[in-house]
Amino acid sequence: MHLRPFLLSALRSVTSGDRRYHLWMGSLTAIMLVGAYGYFVQVTRGFSVTGMNNHVSWGLYISNMAFLVGLAAAAVILVLPAYVLHDVDFARAVLIAEGVAVSALVMCLAFVTANSPGLPFKWWRLTPVIGLLNWPSSMLAWDVIMLNGYLVLNIVIPFYILYSHYIGREPAKQKYVPFIYISVVWAVSIHLVTAFLFAGLPARPFWNSALLGPRFLASAFTAGPAFMILLLGFIQSQSRYAIPDVAIDKLATVTTIAAQANLVMLLSDIIFEFYSPTHHSLSARYLFFGLGEHHALVPWIRTGIALNIAATMVLMIHPLRRNRRWLMPACATLFVGIWVEKGIGLVIPGFVPSPLGEIVEYSPTWVELCVTAGIWALGLFVLTILVRVALPIELGEARSPHLEQAAVNKVVRPRAARPRYEEVRPVRFR
Amino acid sequence: MSDDSAPARPATADDGGILQKPMDRRGALGFLAGGLAAGASAISACSPLNAATPKEREIRLLEWEEFTQKHYRRMTEAERAETIERLERLAKLRDNEDVTIDTTDAQPGVLFGYAFNISKCQGFRSCVEACINENNLDRHADTQYIRIFEMEDGVVDLDSADPTYQHDVPAEGHFYLGTQCFQCANPPCVPVCPVGATWQEPDGIVVIDYDWCVGCRACMAACPYWARRFNWDAPEVPPEEVNPNQHYLGNRARHKGCVEKCTFCIHRTRKGRLPACVEACPTGARVFGNLLDPNSEIRWILANKHLFRLKEELATEPRFWYFSD
Amino acid sequence: MNRAMRGAVICVSVIAPVMGCREGHQVRWDQPPPGVPLVQVDSATAARNAALEPGVLSTVQATPVLRWKGPDQRPFEVALRSAAPEAGHSRTFGTITLPIALRTRGAGISQYPCTSCHQGKKVVMANQRIADAHNNIRPVHPAQTGAVCSTCHLADNVELLTLMSGEHATLDEGYRLCAQCHFRQVESWAAGAHGKRLDGWQGRRVVMACADCHDPHSPAIQARIPFRAPQLERTRGYGP
């Protein structure tokens, strides 16, 4: 009874907005169309239009996928305190975090699909009964299960909560809290499994280390909350949805600690590779210093690490971290730095040199760049839609028309009734 | 779309009210029907039933069946025969080639082993040429399963070896070492495939079901010997150079988007013949045989020569040894 | 919090044992893949030299080597020797006892048979230089070893080779001559570690003789230009 109005109300929230909103969605759509064209070229002409080759067989797509799984996993930073530890400050931000997780997972699955010519039409081969899912041997099979399962969890739980609020009922804790517990463990697992995908290959000594899993988690918990801070700050300034400043402060603390851990792990990696270099360190040497005349990645990684270090140092200074004018750029810088370090700076050097010592470099072609841009636009599009749907419900503006007014007043106090923080304390950054 | 609970928004709204334009039922139905007609015509343009010639139509119908093909290991004998018939028919229709695709299983009591004599190899690359011709490898991308490395005397180090030499061979002060898929006893490429498209056959050959492979290339990342190749494009072989003696798991025509590799010439070796590289080598540097036969040549070499394998520490147990005189 | 701990413990205890198990044991090179029964082969059935009869010399065709251009390019004729020692060939080198089949040299030697020119007359072998009729002979090997023509060839019958023991070997038994000095290589050859095998890996074992690859007068394998080098891939772009 309430579902149709819920969907219609959601559709209305998504399709109505001011000019800036339509411009945003319009440009995302345009980028998605460009990406679709690139994908079309890739599918019809074959993967030779990409920059990948028999030596560097994974490129921009898997790089982005590895990074985005981290972004998805980082929702746990908000889910764990909000639902399990009952931290009220995060309660208002957690649905946004789950929306980020959903859009990041959609992007991950899109990148995996773009990477395999057999997908999406042969997707049924990955299913257990009609296809053949090579579980538990294959880490990719694990990843398929984990990513899809986490996507389902992050759609079902917020949907239940939003729908309950929409129909004016408090969501029943015993119905969704067990799934929350599962999703907390699951979040850490998705990223560990993605790390094991790389770390479990003795053929690639650059990846084959015990530190890769923890390093993935550290960089995920850096980039994820950094992105959340940017997004929450944006929501704070652009909408009436009140997010407590203290939530952003706590997130910034988490980001800082994780960024420090990430740098410590980087240091550990560098000592490991370069204290007593062996042939196994050639990939690291290629990445940081270049091998002979092959040095395409050196400027990238040095920039990425410089950005990471600079942002971490800014975040470590308390007054700066609490000042939005420093916090936001630092988070954006950290996000980009982690993307460089964990995306291109992880996947490509694993293939250089090849297991037989041959060096073939990689540079993405316009097709890969278009498809990547299209998928990022898709992720932002999905994120905008989810936030746009969630906010009116959480603000109490969207409610089912079939409710009795009396019942609404009795059961749920609309959240907007609480004093808005900007009335108490002005928001400093717009 | 009209919603009873919300009034139509005025034209002065930010979006010009276009999304809340009131429309009557007839108009809405007409709009939907028009959209349906447009979509249906788009879909029918791509369907097999709209092919230009009967030959094209048959090709498209056969390709559709290929899409729903089962995994090779799950096929019954009848299904295998049907699949082979379809593949042979497709080869005839597409490229006008009469091919025989074999499905011979592994012989019992056979485990293939390979030995490579680094004293004898002179770097001629006759093996590479024979492999390309025998296995219908893509001429456009110049796919080569075999790589010959020119190595400096005294150093068994692939990182400093040169596979791109092009001068009179043998060169002074160097020796030559060839690599290909080693058909490891503990293949690291087999467990990583998410769809189980690659497995090890009872006679030791690691094979790929090309039609089942989705092209994720995890096996290529996992192979420590760089043995696997991907079809980035549709492979092209000139019709007069196609080898018509093919095996389903070996040298049949592959399509773009699947992984392939050396299969020890499965279409030859399961019938008792030697792989093309072994036959072609002018110096007799390559030896091939049955590891389970105590009197075979390969077993004698393992017992009496000084051998090594590449990357022994990875515990892949390659069934490919290097020895010297 | 207790419920969370319980849930976590359950999850870990279910996932952990499942994750690590990849067969457990490593397969050795002489073991078939897991699940495949080990079937040992005995030498009698492995040989399958059905065409052999003891003491009989028979000539059969062997499969030509795939596109390999040997000293001549004709299909190979093969002489099958039996397992019986009476056939006159020493087939035991170390542990090797399998019968071997040799390519008959006759068809491969230029200007064969020798008796077409040297009819019953004793050949005068000028031990310092090669006669003009065989001007395709480059005496590299004799120069290296200090051998002269009569070291290997019998003046009375140039279709026979002389051995140090005083015996004579036919041109088909050239390996007996080579084995006098190159005994290690001949042992490897008889076992299969040296030289080429024709036909296939299964069935009768047909091998090539020494002189099929090594010209006895200039035995080294000649240098040549190799087949084309691989192109290490560069990015293949494609325009929009």
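Letters A, B and C mark the chains as written, and numbering starts fresh at 1 in each.
As a convention for this text, a residue touches a chain if its C-beta (ideal position, glycine included) is under 8 Å from a C-beta of that chain, and two chains touch if they have at least 3 such contacts.
For clarity, every value in this text was computed on a predicted model and none was experimentally measured.
Because contacts link each chain to all the remaining chains, their graph is best described as complete. Of the two chain pairs considered here, A-B and A-C, the higher C-beta contact count falls to A-B. With centres set at the average Cα position, the gap from subunit A to subunit B is 34 Å. Chain centres here are Cα means. That of subunit A falls 61 Å from that of subunit C. The set of subunit B residues touching two or more other chains comprises 147, 163, 191, 232. Those residues of subunit C in touch with two or more other chains are numbered 22, 232, 236.
Residues of subunit A in contact with at least two other chains: 45, 48, 53-55, 137, 358. Chain contact summary for the complex, subunit C toward subunit B: residues 22, 26-33, 36-41, 43, 46-47, 63, 65-70, 94-96, 98, 184-185, 188, 191-197, 199-203, 208, 213, 221, 223-232, 236.
Across the complex, subunit C is touched by residues 41, 45, 48-49, 51, 53-55, 84, 136-137, 178, 181-182, 184-185, 189, 358-360, 362-363, 365-367 of subunit A. On subunit C, the positions that touch subunit A within their shared complex are 1, 3-4, 7-8, 11, 15, 18-19, 21-22, 232-238, 240.
Listing the residues of subunit A that touch subunit B in their complex gives 5, 8, 12, 15-19, 22, 45-48, 50, 52-55, 57-58, 112, 115-119, 121-122, 125-126, 131-134, 137-141, 143-144, 197, 200-204, 279, 282, 350-351, 353-358, 401. Across the complex, subunit B meets subunit C through its residues 108-111, 113, 115, 117, 120, 122-126, 128-130, 133-134, 142, 144, 147-148, 163-170, 185-186, 191, 200-204, 232, 268-269, 271-274, 276, 278-284, 287-298, 300-301, 304-305, 315, 317-319, 323, 325.
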